[in-house]
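What follows is chain A paired twice: with chain B in the first complex and chain C in the second.
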Partner chain A sequence: MDEQYILRQEDLVDNPTARVPICLVLDVSSSMSGKEIAELNEGVQMFFNAIRSDDVAQYAAEIAVVTFGATVEKVVDFMAIDRQAVPALQANGATPMGAGVELGLDLLEARKQDYQRAGVDYFQPWLVVMTDGEPTDDIKGAARRIQDLVAAKKLVVFPIGIGASANMTTLGALSPNRPPLRLLGLNFKEFFSWLSRSVSRVSQSTPGESVALDVEGIKAWSQI
Partner chain B sequence: MSRSSYQVAGASLVGRSHAAEQTPCQDAFGHTRKADMAAVALADGAGSRAQSQHGANAVVNTMLRLLRKDFDALYAMCAHDTAVARQFIYERLMRSLRHRARRLGCEVNALASTLLFAAHKGDRFLAGHLGDGVIAQVGADGTASTLSHPENGEYANTTYFVTDPGAQDRIRLYHSAKPSQVTGFALMSDGCAESLYQKRSGACGSAVGRLVAWNRDLKRSEIASALAANMAQVFTKNSVDDCALVVLSVPQAAPLSDPPVS
Partner chain C sequence: MQKRMNQTASRKPDKVLVDASVLLVDPDVLLRIPSKNGLAFVAGPSLDDLEAIANGPHSDRDSALGLLQRLFFAPEVVVTALPTGEPLRGQDSLKRLAYGQAAVHLLERRMFQLRPENGAGLLELARDYCMVVLTCDPRLKAQADAAGIPVAAWTGRPPAQTAAPPRPKQIGTQPASGAQRPGSPQQVRPFAVCTKPVGTADEAMQVSHLPTTGDSIHLSNRATLRLGAQISAGGEGIIYEVPGRDQVCKVYHRDKLTKLKKQKIELMVSRRIERPGICWPTEIATNAAGEFVGYLMPRAHGQTMQSTMFIKPKLEKTFPTWTRRDLVNVAGTFLNHLEFLHRHNILIGDINPMNLLVTQDSLAVWIVDTDSFQIEAFPCPVGTANFTAPEIQGLNYASFLRTEQHELFAVATMIFMVLFPGKAPYAQQGGGSQVDNVKSGNFPYRFSTQSGQSAPDVSGEDAPQGPWQFIWSHLPLRMRQAFFETFQQGQRVSVADWQDLLGKYWYQLDKGYALDEMFPLHFWVRDPVEMACGKCSRKFTNSKTYIDKLVSQNKSVWCPQCQHRNRLERLARESHRATRETVSAPPRASAPKYVNTGWKPTPLTPPATPPRPQARPAPTTASPPRPASPPARPAPRAAPAPSSTLADIAHIISRFFR
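On to the complex of A and B.
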């Protein structure tokens, strides 16, 4: 084909990649100290690295991290993944999961508003909640917000229990559509590997395409 | 250069995400022309629906038959009462989809697709749109503008389909009788729109005017090659989705046989 009939870059438009906002809400209470927090740190680092090395997901995925323990704090804010640094998480304090989840939901909502203001398309936000125990605060407000958002198809939520002490009944209040899953041993890396693959699949989905979860892949990290 | 007859051309190519999964291109397009009218149509089959490429084909073929046979009646309906026109189009499309579903042995929902069309006859044009993708029109100065914007839900992977409940109310219809102002149309699926339509501003890139001009000026084999080359080298590079584009250039000489309006 004659090159003069190939459209030039300056005649085309440049649209930003549609984003998948993901908020990790992680338990860093004192009961997570030792091997648990070390494995969680490695898993989170691996998640970021896996997203960075994915051709599509690196431009689509935007990740924030909230921890709940001695304090509830946003330790990683939404921004381009190549500019993000993940701090080493330290275990300390109680388990204020309700406040952690509320902060995660607030961050996702604010990010959606940023996208709307900037004219950037986005996919359903994802919330991942990981805990090894029992909340020490009231989670009713957080659970109600999640139920409303999930019912309106405005949120995808993954509550994950760590170890035998995780109260799966309580976690179930944060998971209206499917039962919460318990991590198999300390298979954080397998979980975050599965999560990054799932994000990659969603970021390539097209209108009308509902992305089914990779159930076989879940077996690598969960006691189903 | 100007031509005294309608020129139509189109192309489609499977996107990278579907190529990787070895699923077929779910975008369909088509065109029809007579001495005094021409029409183009395009449909984008829903991503997760197993037979949506068949639905997209049925929608395109049905719409083109309707426009070729009943342009005058449809135009009059639009001018008089767009709700009646929407219902008329919707019923014809659903009848065709139900027939296709019976032949394929599937649910009608498995044939979900969007709809875009544009037709020109004499001094009038008629266009319609349901779902995402873009309809662009090109003015006498060669500049493209957006006639119909994509309609998505809140999320990037949501839109509206012919088979959705209440779809007839979402069909957007456009009609006009200003021949000097329109020299062509381009219909594009959302895959091509990634390269040709600025979502933030709702404006079309200058490439759209260029494509309509090429369609007007080049031989049919040349424009077919140009569209195919741009599918492979431009549009599918900028999107993982299937890509389809169809263009219609309106003759700039006097229309051949437009019936007088009494």
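On to the complex of A and C.
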């Protein structure tokens, strides 16, 4: 048995913090090459660093990264953040967003089962989908899965469109409760900064009912 | 004094075992017993009880200390048999001490049958030597009656207060930097008790300028202070140092400055609650224009409980010298603060580990964010999901006033999370979100309401993986009972009772009756025997009954470390298997352009048959962990996926034939 795998189980058993599992599903098709992928890479690194430097979030947040482009890949798997190294993403290929989302949902489901097997508390998972264009595969299955999960309050989803060519209608199919958001320019850093702050808020005191997202803060990175 | 005494002097004298409760209020009973043809005995456990009182803040500490000194410094003679001629049993020891004109016999035992706390040790000795127990503790009397041991209730000289059993109270008393002793008379008038929250709608207040570092703030007595560096920023406001004072100033964010907030702070400031460890507002702070912007409060010390204590590696790094006794100290100090606040009709409301600060000195606990306390008609407007009692889950916290019952649920949860560092009480295998878990009311730790019953009320098979169920098994029965009553039966345990339970637990840790290990790897064992591990050959102790059973089944016995490692490997294997089933489904029909993922499952060594039960201890009083059963409950929504080899083949084929 791979020693790394055993250590990951030990993390589950030794760290009793209630987890927030987050899956980033990112478009790395060829249209993202150049400035876009560079900014995205910086944003993702910044996200990981922001979580690492937060006293509570570093033990609560668990992040996985899935990319879809020429291939659909699990780039980073769920585990304790201090064990993770995020590689630089390369842009290449088509936009199989449906398959990417399905893989992301599968990973979240598998991680939830890990939590249940170990007896670890968790908050409902987050799925962040970012794309700059039109999906080249069928997203109906993915959309249906998301709708079922959101309706049962078992998923929080953030579909984000990048740039002018992002098809917001298709993204809308992935966002049952609120309209999808379009990133302001290439404000990846602002978005990921807001995301990391939102993660911290999940495990803090709330006024009751569900955690209200920082709607004001959304304005910093999205066009309305 | 009522006693069952024989009148005829020719009969053998009664052996009277005097317990701590009587010794404390009437030690001279020891002088009166011989004059009534009795022999006075004092048991070792009673001296432990007296030591406890002498070390705590109990009002009888001086009497206890004086008594102990008299007994310890009395001339003594070691004897090998009782004055009645009976021999001593086992490795018991007996000393005859001179007490005034009389003699007192001190009877001590090293290995008790049961855990000797809560009177069990005393009763065991009384039974073994046919003694009459003399007590004024009604609980002990009831236990003795139930066990058929002759007991006499002391009703002699009435004590100054009611003859309550001497409760070894909280261990930690004052916080380190405090000058004031809790329990010293508070002159402060308690707040009024209200039933409905403030009815008026809140209004935002105008503020022209929010002071920041370098600006000055003004107090009610016209004094001005300069704000120093920013210490922390939160959702409500920013906290600044005040140079030259051991105080800080909280300046609210603009959108948090409302009329009701100001009224609440004014109410708080109107009572001088000056208790070290509670960051209570002392003065209102205004800007240069006289507008309300925040308040002054004492500076807290330490870091949050959440970030220092609630993750194992962090706990070991931040407080490397701490043992379980320190955990009990933290919980006990917290309870002292609560007792103080409740006495003034204040409820904390949002009890959570981000609002409590701890330092190396485990007797110092600081409570911050006091402006969210519930006082009179001002509710506590926030809460934390897993500390919220099930009956108020899902409500808007600002819309109602919490009751003491709601508070006690949060108190029990906090005590649990301190003793099981960071683990929420309802976290369990197959659990859901924290809110779902609390609402379900399923407490996963093994407990029986009646011993002798074959099946426990809660089997403990859903207890979370890790040291948590071992910690549980090492807790005293009364403490497990209190948690069970709260989390499984919906009852609530008072702060005073928790203090009592923690006090007793502290002694047991101190005396070595309870295991003082932060993260034990094994259950409490009644009949320990030492042996070598079948895997790593290291020496360890385990239950003799259990070992005998395994040996008779020709299984090897492993040490806790090897068992732990084995458990992790099993979890890893199950996770691997389940992940491949959930994630490696073949290309979906709905996605004709699905390309080979490029993601391959990690090569798996064929799982060796997991070594059979030798890895699982099952001592008589603790729960058997779950058997290595098939993995996760929620089934993937697709049909069961093929094995890894088939999926690999499918991917390879699809790549070539697209």
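Heads up, the rule we're going with is that the second predicted complex is superposed on the first by the 204 of 224 C-alpha atoms of A that agree within 3 Å, B and C clash if a C-alpha of one lies under 4 Å from a C-alpha of the other, contacts with A are read in each partner's own complex, and residues count from 1 in each chain.
In the analysis below, contacts are C-beta pairs under 8 Å (C-beta built on N, C-alpha and C of every residue); 3 or more make two chains touch, one makes a residue touch a chain.
Remember, it's a predicted structure, so these values are computed and weren't measured experimentally.
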Inquiry  = Quick check for you: in the superposed arrangement, does A:Tyr59 touch first (chain B), second (chain C), both or neither?
reply    = second
Touching partner for A:Val215 - first (chain B), second (chain C), both, neither = neither
Ask   = A:Asp138 contacts which: chain B (first), chain C (second), both, neither?
value = second
Inquiry  = Quick check for you: in the superposed arrangement, does A:Gln113 touch first (chain B), second (chain C), both or neither?
reply    = second
Request  = Using the superposition on chain A described above, determine whether A:Ala70 touches chain B (first), chain C (second), both, or neither.
outcome  = second
Inquiry  = Tell me the contact category for A:Glu102 with respect to chain B and chain C: first, second, both or neither.
reply    = second
Note = Per residue count on chain A, the busier partner among chain B and chain C is C
Request  = Identify the overlap between the chain B-contacting and the chain C-contacting residues of chain A.
outcome  = 1-2, 5-6, 8, 10, 12-15, 18, 56, 118-119, 121-124, 204-209
Message = Under the stated contact criterion, what part of chain A meets chain B in this complex?
response = 1-2, 5-8, 10-15, 18, 56, 118-119, 121-124, 154, 202, 204-211
Task = In the complex, go through chain C and note every residue touching chain A.
result = 235, 304, 306-307, 310-313, 350, 352, 354-355, 372, 381-386, 394-399, 420-424, 427-431, 433-434, 437, 444, 462-466, 468, 565, 568-569, 571-576, 578-579, 582-583, 585, 588, 590-599, 602, 605, 631-634, 636-637
Ask   = Touching chain C in the complex: which residues of chain A?
value = 1-2, 5-6, 8-10, 12-18, 55-56, 59, 70-74, 94, 96, 98-99, 102-103, 106-107, 109-110, 112-114, 116-124, 136-138, 140-141, 145, 201, 204-209
Inquiry  = So in the complex, the part of chain B that touches chain A is made up of which residues?
reply    = 15, 17, 44-49, 52, 112, 114, 131-132, 152, 154-159, 161, 190-191, 194-201, 203-207, 210-211, 214, 218, 222, 225-226, 228-230, 233-234, 238, 240-242
